[in-house]
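Take a look at the structures below.
You will see two complexes here that share chain A, one where it goes with chain B and one where it goes with chain C.
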Partner chain A sequence: MKLCNHIRFDLTYGLFRREMWGKYIIWLGFFALASLDFAGELVSIEATQYTYGDYLLRIFGGMREYVPAPGEPFEIPYLWLINHVGILYFTLHYMHDDLEGTGWQMILRSGNRTGWWLSKCVWNAAVVVGLYLIAWGTVFLLAGLNHAVWSFGISPFMAEIMAPGPCQLISASWQVTLEITILPLLATLAVSQVQMLLCLMLRPAVSYVVSIVLFLSSAYKLSPFLPGNYAMALRSDKIISNGVSQMTGIEIHLFLILASVVLGNLLFQKYNILNKED
Partner chain B sequence: MPIIFDRVTKVIGKHKVIDQVSCTMQTGSITGLKGINGSGKTMMMRLIAGLIYPTEGQVIVDGKSVGKEISFPPSLGIMLENPSFLNPYSGYENLKLLAGINHKIFADEIDGALSRVGLLENKDKAYKKYSLGMKQRLGIAAAIMERPAILLLDEPTNSLDESGVELVKQIVQEEKARGATVVLSCHDASVLADLADEIIAIQGGKIAEA
Partner chain C sequence: MGKIGTVTAMELKKAFATKKFLLGTILLLTFSLLSAVYMIQSWAGYNPEQLVETCVKDGEFTRNPNLPLFGFYKAWVGGDGLSLAASLFYTLLPVAVALPFGWSYYVEQKNGYLKNIYSRVDKKIYLAGKTIAVFLSGAAVVAVCLSVNILLVLAKIPLISPSAWYNLYNQVKFGTLWADLYYSVPGLYVLLYSLLTVLYGGIFALLSFAAGCWFRNVFAVLFSPFLLMMIAGYMETVIQGRIDSQIPIEIVPTQFLHPESAHYLIIAWAVSLVTAVLIVASLLTIYFRGVRNETL
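== the complex of A and B ==
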């Protein structure tokens, strides 16, 4: 019952307080700009038929494997990166702010720390999912207004642009639907949960730097041990022979989420609840 | 509920913020904590409340070790220095939110607490519009509203004018009369002298005199 009280508070005040509305609007604006930018690209290449999947691939698809070579500088996949680290920034401070505000009073009254921690995990998941819904909603709306075809398949011209050269994106166009939808969501969710866990041991700013490094290193290096790779359709084993597996990605992300929730709860049992001034 | 510090040491980072403190706070008494900023008064309150746990030794509340046998004392009201509430909510809504965790008290009792600290007329005003003194009063109301067996007040007279200080003194005495164990820290030595049955002086995390 007390867990329900915590969750009710976090899913009302935590999700809909004034500061959050500002973040939601920024997020909507960012994806509107990204969608309009892509619409401009479609005009410039004179594409006549394109899909919702093309929009998602362009914005959430990430980048192909980077192979360091002379004259081939590493180009940061900004859209992909901002999507992940933006959400991670939006979820960074809530836990600490709440704990130093009314959170500690709620913990004292509820008589246990677990409910508060689990509630923050639920809040974290709700914000990540909510921000993805805003992103998808904005992209779908603008894609629809631009007369995109209602399909998550990838158009051949997009395959050529996003993954030129030897790659199976054209033949596998329908099979990357999870990679352009659920897997980016799961990756952000997993890393944001890990970030919350880190915030119990490190300063929030340091935890955030760790998260950014994790995603940047994922973009730089194709490796099954760097979770950001699973959030890039262009790194899928359906598209490139040395790519990462969709199922492994789902398993790793679910494991990270579960492990962070459980470990965080264990750590929080002995966590010193202090103020910044202390 | 008696509170016993049994050779309690607390280390945070590399700092020993409480160092081998042993003392007893008797049921139904007012214990004053005296010391300069950073001496360890607030840490002692946090240790009693279970917000932090001892590195060595134990804090025993009503016969049970906090952090080992119980996570938190079962009936505790606490106001820490510079209380913080939700800005967009009114004073009343903030207290209602906290009271809603245990459902021990309802609207009448919340109003009663607000009345005791002189905030009833401003109960519907947003917290962000409260003055420092009003915020302090709301913190005291939150601490006393559920009639706790242990009441911890950390610098309750901060930001209060003379009448506010008198009000705090009255509330503390009423709580003692009700049977609560009160622990009070205050910069103003005269407030402690007026109220406390016993004064514990803290210096550098240690008891200077008892």
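== the complex of A and C ==
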């Protein structure tokens, strides 16, 4: 069985099976709620002109740098966290389910473990991109209905809403198009691929816990070594002087994706595909 | 011992004598230990013996040591609002308590074990025994991890009563759950909060069991309580932002179990209501879905 056949099967069965439609609808509903919530915020501050970029910054921007101090507890950025751990949950069990079902037969009959693994990586990327497209589509639709200006620029009033902290740069210089679009997607995609790699070494439940810890640690600590920081525009060096660089973020995420695909392929060659249990 | 006693004893053995119980405990224990270590390292400099070196000169205090802020009551995991480990402890608590036995009903249904057991024991008796075992396994995980944290912190950090003068820094606001105890009998406050957290260990495990009656995926069963708390956390910020309430009330269990990091006020009736709703919803689901489930 050729690689393209594996991919065709995974994309048709893995993306459009009945179980996935429920997830897409939940995802759409969640981002509709987030957009409507921000629209309510815009009304309460009496903003007259706002952009699509404002919507994306509010929803995908993350949280300001947390500095531990008595009386200032760490607050979990639920909206940002759900975006990432939600997608990671949706991509967690497909490979495992497939291996428990017909996957091992396909591998035995095709004799092509590399094809099967690469096909799962393509499926993983397709789901992540698909869920982001749903999120962006929902946000854009509702922002359009709310008469937002078609621009990825950030309005000055967003500096008050987002309050990036003491190191913030003047809001007129905020040009964060990549930080509110591609970088969150790349971060989810990279961690999702790493999670799939970890599923080969640990139990899927444990690898999901590792992903949650990784994203929560990123929210807690501003560090270039924690990939979640690149997925937060509020931690970008375009918004705060001690922020992280977008180029480094892109390089790190691409490296993580490539490394997990290659390493996963090597591990999967000797992976025991029989007698998988929950 | 009656039939229900035998079934419960059997289920308890299945729940506790497994690697998964150990896995759940290790997961939560890691964060409880890390929180203790972080607090001991940060707060140890405020031990009364060492304060003499840093705050006292010629028999007089050179600066306010702010002792009530750096005692045990601000250092045990429930009082630790600063470390990442404490946040992870409460955020991942629903996952760690579901790991030992919350998934068991789903798996037994899937592998046919239920068919076997239902031909020998009445469904209701079996479900009652399993409910007790699931609840106790979740509660035990939390009890072990909380006890270790409290004992470790107690061994290293002095008991200094919280002072109402420092209310700006204390997240335990006046009028919130057991706030009067926090300033008068703080030991009882810690005990009651620990018991509430242990109770929630059992409740989250029951929620996972209830999820097993609905979902056909082991990961959905394991992570439902966690994802529910995530969504509730976000919904809470949306709702509190929309309603013009003078007293925003905390309704998310993972938030109100950790009083130092709660976003809103922890009010006794809201905690009781949420607790009752979660217990009743999970027990009703287990009873109706479990008993009506045609396994044979």
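Here, the second predicted complex is superposed on the first by the 262 of 278 C-alpha atoms of A that agree within 3 Å, B and C clash if a C-alpha of one lies under 4 Å from a C-alpha of the other, contacts with A are read in each partner's own complex, and residues count from 1 in each chain.
In this text, contacts are C-beta pairs under 8 Å (C-beta built on N, C-alpha and C of every residue); 3 or more make two chains touch, one makes a residue touch a chain.
None of the values given here were measured: they were computed from a predicted structure.
In the superposition on chain A, A:223 makes contact with neither chain B nor chain C. Between chain B and chain C, the partner in contact with more residues of chain A is C. When the two complexes are overlaid on their common chain A, residue A:12 makes contact with neither chain B nor chain C. Looking at the shared chain after the overlay, A:75 reaches chain C, while chain B stays out of its contact range. Touch criterion met: A:101 reaches chain B, while chain C stays clear of it. In the superposition on chain A, A:2 contacts chain B only, with no contact to chain C. Once the two complexes are overlaid on the shared chain, A:92 sits against chain C while remaining clear of chain B.
Legend: residue contacts after superposition of the two complexes on their common chain; A:209 is shown touching chain C, with no touch to chain B. In the superposition on chain A, A:270 makes contact with chain B only, while chain C stays out of contact range. Across the superposed pair, chain B and chain C both touch chain A at residues 278.
On the chain A side of its complex with chain C, the touching residues are 33, 37, 40-41, 68-71, 73-76, 78-79, 81-82, 85-86, 89, 92-93, 97, 204-206, 208-209, 212-213, 216-217, 220-221, 278. Only residues 2, 5, 9, 13, 17-18, 100-102, 104-113, 269-270, 272-275, 277-278 of chain A touch chain B when the two sit together in their complex.
Note for the complex: chain C touches chain A at residues 23, 27, 69, 74, 81-84, 87-88, 91-92, 95, 99, 103, 107, 110, 168-171, 217-219, 222-223, 226-227, 230-231, 233-234, 237-238, 241-242, 260-261, 263.
For chain B in complex with chain A, the touching residues are 12, 42-43, 46, 49-53, 67, 71-72, 74, 76, 78, 80-82, 84-86, 88, 94, 97-98, 100-102, 142, 146.
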